[in-house]
């Protein structure tokens, strides 16, 4: 029983972190239609930024400042946001397909920098010395508290996204998504708006990275492999319903549930010595389940539901 | 108001606009006619900042505005419509209008987060205005229909409606009449006049419907092959031999003649 | 009740090809224990979870092992980075001992782990020294080094280069390679420029090692190779051809040959129809054995108790037991005697960091086989 | 009058859940020019699309040449010899003008060079632009491509949705005269037009639609003469 | 001189990338989505040759033909079963679906063939030396010649045949294509068959040049996408150039910078080119 609760806590924490990332992507893709396929980069930069400012001890790489976690979160958002600003400046006037590839390219470059610049990030050996301040303060129950904190952060991110979406700001973003030329002709500085959306989304992704960092207490470049740090988040957003903040979160919970939960299915139907085949079957299941979700709900579980001006 | 000075634009080898010069006077409704492919839309695109000219200058209120971006020109008071409607497909008709007014509080992220009440109040005003415009265009029944689902003519009307959502100084209309029902078009013409008279807007409009041009426009500029062929009041342009040859064709000539 | 021991292995993902035989090592140990009546009278079940070589997945898997499956301790993970992640996120807090058969990065030593993290393979700090020694003996004094760009490759290459500086060898050039690339000809061409006679390959066949060796041979960049443990795989010879690799050699962590360890090789090939020639198979067997002995010794499945019994069963003093002798060890424990497990991969005496000092083998390619020349 | 070519009988349907057409009835006889007029959003384009299987038809039938085509696919309908020029998006923007015309003859198996020559004769500007992607043409030139593309099929029935919108008066006349010409070849024509006066002047019969329903049906001349129609729909 | 040799190596790698990219570009052009399962189709193609050539010991040319046919057919079946249902959905749905399909294909490959590395022929193949000290392996000649032949055939198909033009028409506007009498389903089927065959060819050549293992296609997918988009996505000709640029720049990069940044170089060049020429080397389709 206790074990299940522990697993539940881990599950919710991870799903919550993915929820934050998925919200960030929703701002960029769901609102504005920017095809960012470099989520991992902003995720990682946020993670490392927070790790650097909060870590303690004599470290073989940057860090050791020992700032409180909240400062780490802020740093993550700021650094990811600034990075997004510059990435945005050079890529956002590209057409969407090109933005996609440029973002993949930049993300890979950033991943390689994090991987190879040992003096800064610990390189392939990973970043050590990350403070999990909760460990010391609330020994024992800290995992639960951390999960609650993740949910609070997710709630705040949701609030910010929802307000942004429902406001004229969100309306302009949708207009840009639909027809950028017309939006410009209607006086909207589309570059500025897209930049805002890109920076906001990326800052939220960075925040997700920070939350992830303090949860795992150890980060290394493998954690930001495109499969789990970019593609999976896309799957979450699309399955959940892009353009819909609730959908983004729901998608994260459901897809993480599928990703993590299929394990139970394969391990319960296969004998133990077929564990290897089980792992392949599991991936097969994930693929099939994904198709099933898409076939039954092609608009996502919660389709976009733009706020309508009320009637009198 | 706007002075176009030997403006040119080429695409690859094609000279779409080629040394075109004329003025749009304050308070006029300038009609722009010319054969298909004469460069009228391209000219509008340059005036409205959709793309920069290859050479030449655009002077607006004494200021050189050549090469400014579309959104910058919008804020200077130049608003345009598109010949092929550029609606925001997956937004409702009302939203298409509501997004237009510039400088809405809610376009600032921080205000949306921290001063929601103010944003909502302003939204109400913008909505009212949008609804008025819809009513005027007889589109109230499709208020909440996605713009992508509108009929061809409804899209054109919506296109026009967007220019009515803002305080413009110059409005460029690219074939507002094509595909619009004639009864409604006559009303639109009245409205254009009214806007000019009451609010001092300046209009430039491209149109192939000679009735509308005759009724509304003075002066009329006729373009051909990227340059101005002739200009003047409608009568003089209409009776110009070259215009007849290149644009009106002989039968149209007779037809309008017969009516007049 | 059954006792569950977890196994955190990259069944899919980049090192997947390496995993099945390593996993078999642990399976063999568990079977042996069960044949001997189990641990504390209970059947042992090996609960295998896929880490996909990704920390996020591995953490999830580890948490499931601990929380849902109720595993009492685990073998694995294989990669150092994953080991560090799992330890920090899940197992240390859960007081769940883990024994990695292959996390060779020196950083694991300094993990703030409350002593819940062990490994049955020597830190790369030692293998580098051993390989440099061997190379000096073999007269490989002028070499180029290519290493896989991960914690294993970077750490081992560094310790090798440091050690070679002491033994007087020259490294004409060294380059990291990215595992996912398809062509390494650019890197090889650059390395060949230095005029080295041999190429040291620090990596795994599945990670690009095969491509490197093949392209080096085909394009005539290098004809002789020095390998580290990761490259010690029959698949390498099968694919490249033994003749093309004649004279190439390498090191791998390996326990001193004992009757018992020879017994392990036989047990393994009897059971799985293949020699345990790949890397870390022995180590994983040892990892599972030590864990089970520790449980037996602790007479408890409590993580802390298991942790505390680890050194008691693996280190002197005590009667020496080895691979294939679970039954004997169990009797000794029952008789209240101390035991000292000397494993298939080495004597497995944990120091205060949970590390073991290593002995290494010198292996060579002879015909189409991997042959152990000596253990030192 | 000659045989009935196309019959739309009591058709009710729409794009999604909501119906747009209600009990619509229309006929085109062999060799006839029929014009549909009506306010924006009346359902004129929708009526045309219903023929081409682009609509969910919830009631009624459409027959062509004696065959029930209510549920046929668009390409099957084209093969029967009906051609449709949509109101918007009616050219392939990245294909050249020439390729667009070739595509128009996609279902033809015979030699098409004569037809190509004829189209270039009808629309000289297209000949100049034959190698350019249709997406770069001016609005009016595109309309010409769209018309030309449809004529490439040598259809038996031609559906035209506002073929003259955006064309200069000269070409507008030309389109009307082309319509007359092809009609003289015996091709039936069903056309939506906002330039109602000219169109009705040319038409054998006309329909006035409003809100998806039939409002008036008469000969072209009678409709033109009908004051009520003129005031409400034709701009007085 | 060595530089020239590296350019040659780059050309070989580039040919493989180009074939992959052309396939991606074709399907993108018609169906408007980036097919994430393309890499795993490449893997399937490679494994089919492994079965026919290495295991059944039939001639290589036959194995290649069988593989192209099998992969093409498989692609068409996948379309019938899955992608077909998304014809009217947002292309991003297709993209995610293809991502799921990639997972399915890869796990099937692993279930059928296991995780280990295979090679078509054991042992090594020595390079032939020719003018100026340049070297090339027989397999690499097959790759280069095969790529050129396939691309010429594709070019003729797209430019000269009715079906080729119809494919471009469907890419432009599917509804209008239907109204023109084009059977769009047939066109889509044709696109998939070609995309599948090209994927198989790329996979086979990759297998010939290196080795065959379950993740081979997935690993190379990002550079393939990069090549496709670099050339102006939806433009098969640009994709060829994109493949070559990426292949050659990757191989050359090792001479100048730390090889651990090798993958980054390709991407960096790509990003720079995108910024300098925002529509790719060759202008792609305008959306």
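For reference, chains read A, B, C, D and E in written order, and residue numbers begin at 1 within each chain.
In this section, contacts are C-beta pairs under 8 Å (C-beta built on N, C-alpha and C of every residue); 3 or more make two chains touch, one makes a residue touch a chain.
Note that the coordinates shown come from a computational prediction; the quantities given were computed from them, not determined experimentally.
Colleague: With chain centres set to the mean of the C-alpha atoms, which chain is at the far end from subunit E?
Modeller: Here the answer is chain B, farthest from subunit E.
Colleague: Counting only Cα atoms for the centres, state how far subunit C is from subunit E in Å.
Modeller: 37
Colleague: From the mean C-alpha coordinate of subunit A to that of subunit B, what's the distance rounded to whole Å?
Modeller: About 43 Å, centre to centre.
Colleague: Once you find the CA centre of subunit B and the CA centre of subunit C, what distance in Å lies between them?
Modeller: So the centroids are 74 Å from each other.
Colleague: Measuring centre to centre with CA averages, how many angstrom lie between subunit B and subunit D?
Modeller: For subunit B versus subunit D, the centre distance works out to 28 Å.
Colleague: Counting only residues that touch at least 2 other chains, which ones in subunit A make the list?
Modeller: 115-116, 276, 280, 282-283
Colleague: Would you pick out the residues of subunit E that each touch at least 2 other chains?
Modeller: Those would be 107, 110, 115, 258, 260, 263.
Colleague: Run through the chains and report each pair that touches.
Modeller: Chain-chain contacts present: A-B, A-C, A-E, B-D, C-E, D-E.
Colleague: Quick check: in the complex, which residue numbers of subunit E touch subunit C?
Modeller: Within the complex, subunit E contacts subunit C at residues 2, 5-6, 9, 12-13, 16, 107, 110, 115-119, 122-127, 135, 137, 206, 209-211, 213-216, 219-220, 250-255, 258-260, 262-263.
Colleague: Residues of subunit C touching subunit A in their complex?
Modeller: Interface residues on the subunit C side: 7, 9, 11-12, 19-20, 23, 27, 45-50, 53-57, 59-61, 63-64, 66-68, 70, 79-82, 84-85, 87-90, 93-94, 105, 107, 110, 149-151, 153-155, 176.
Colleague: Where on subunit A is subunit E touching in the complex?
Modeller: Contacts found on subunit A: 29, 90-91, 93-98, 100-102, 104-106, 108-109, 112-113, 115-116, 226, 231, 234-235, 238-239, 242, 276-277, 280-284, 286-288, 290-291, 294-295, 298-299.
Colleague: Would you mind writing out the residues of subunit C in touch with subunit E in their complex?
Modeller: It is residues 12, 14, 16-17, 19-20, 149, 175-178, 180-183, 185-187, 189-190, 193, 205-206, 210-211, 214, 217-220, 235, 238-241, 243-244 of subunit C that touch subunit E.
Colleague: For subunit A, which residues count as touching subunit C in their complex?
Modeller: Going by the criterion above, the answer is residues 2-7, 10-11, 14, 115-116, 118, 123-126, 128, 130, 135, 143, 215-220, 222-223, 225, 227-229, 260, 263-264, 267, 272-273, 275-276, 278-280, 282-283.
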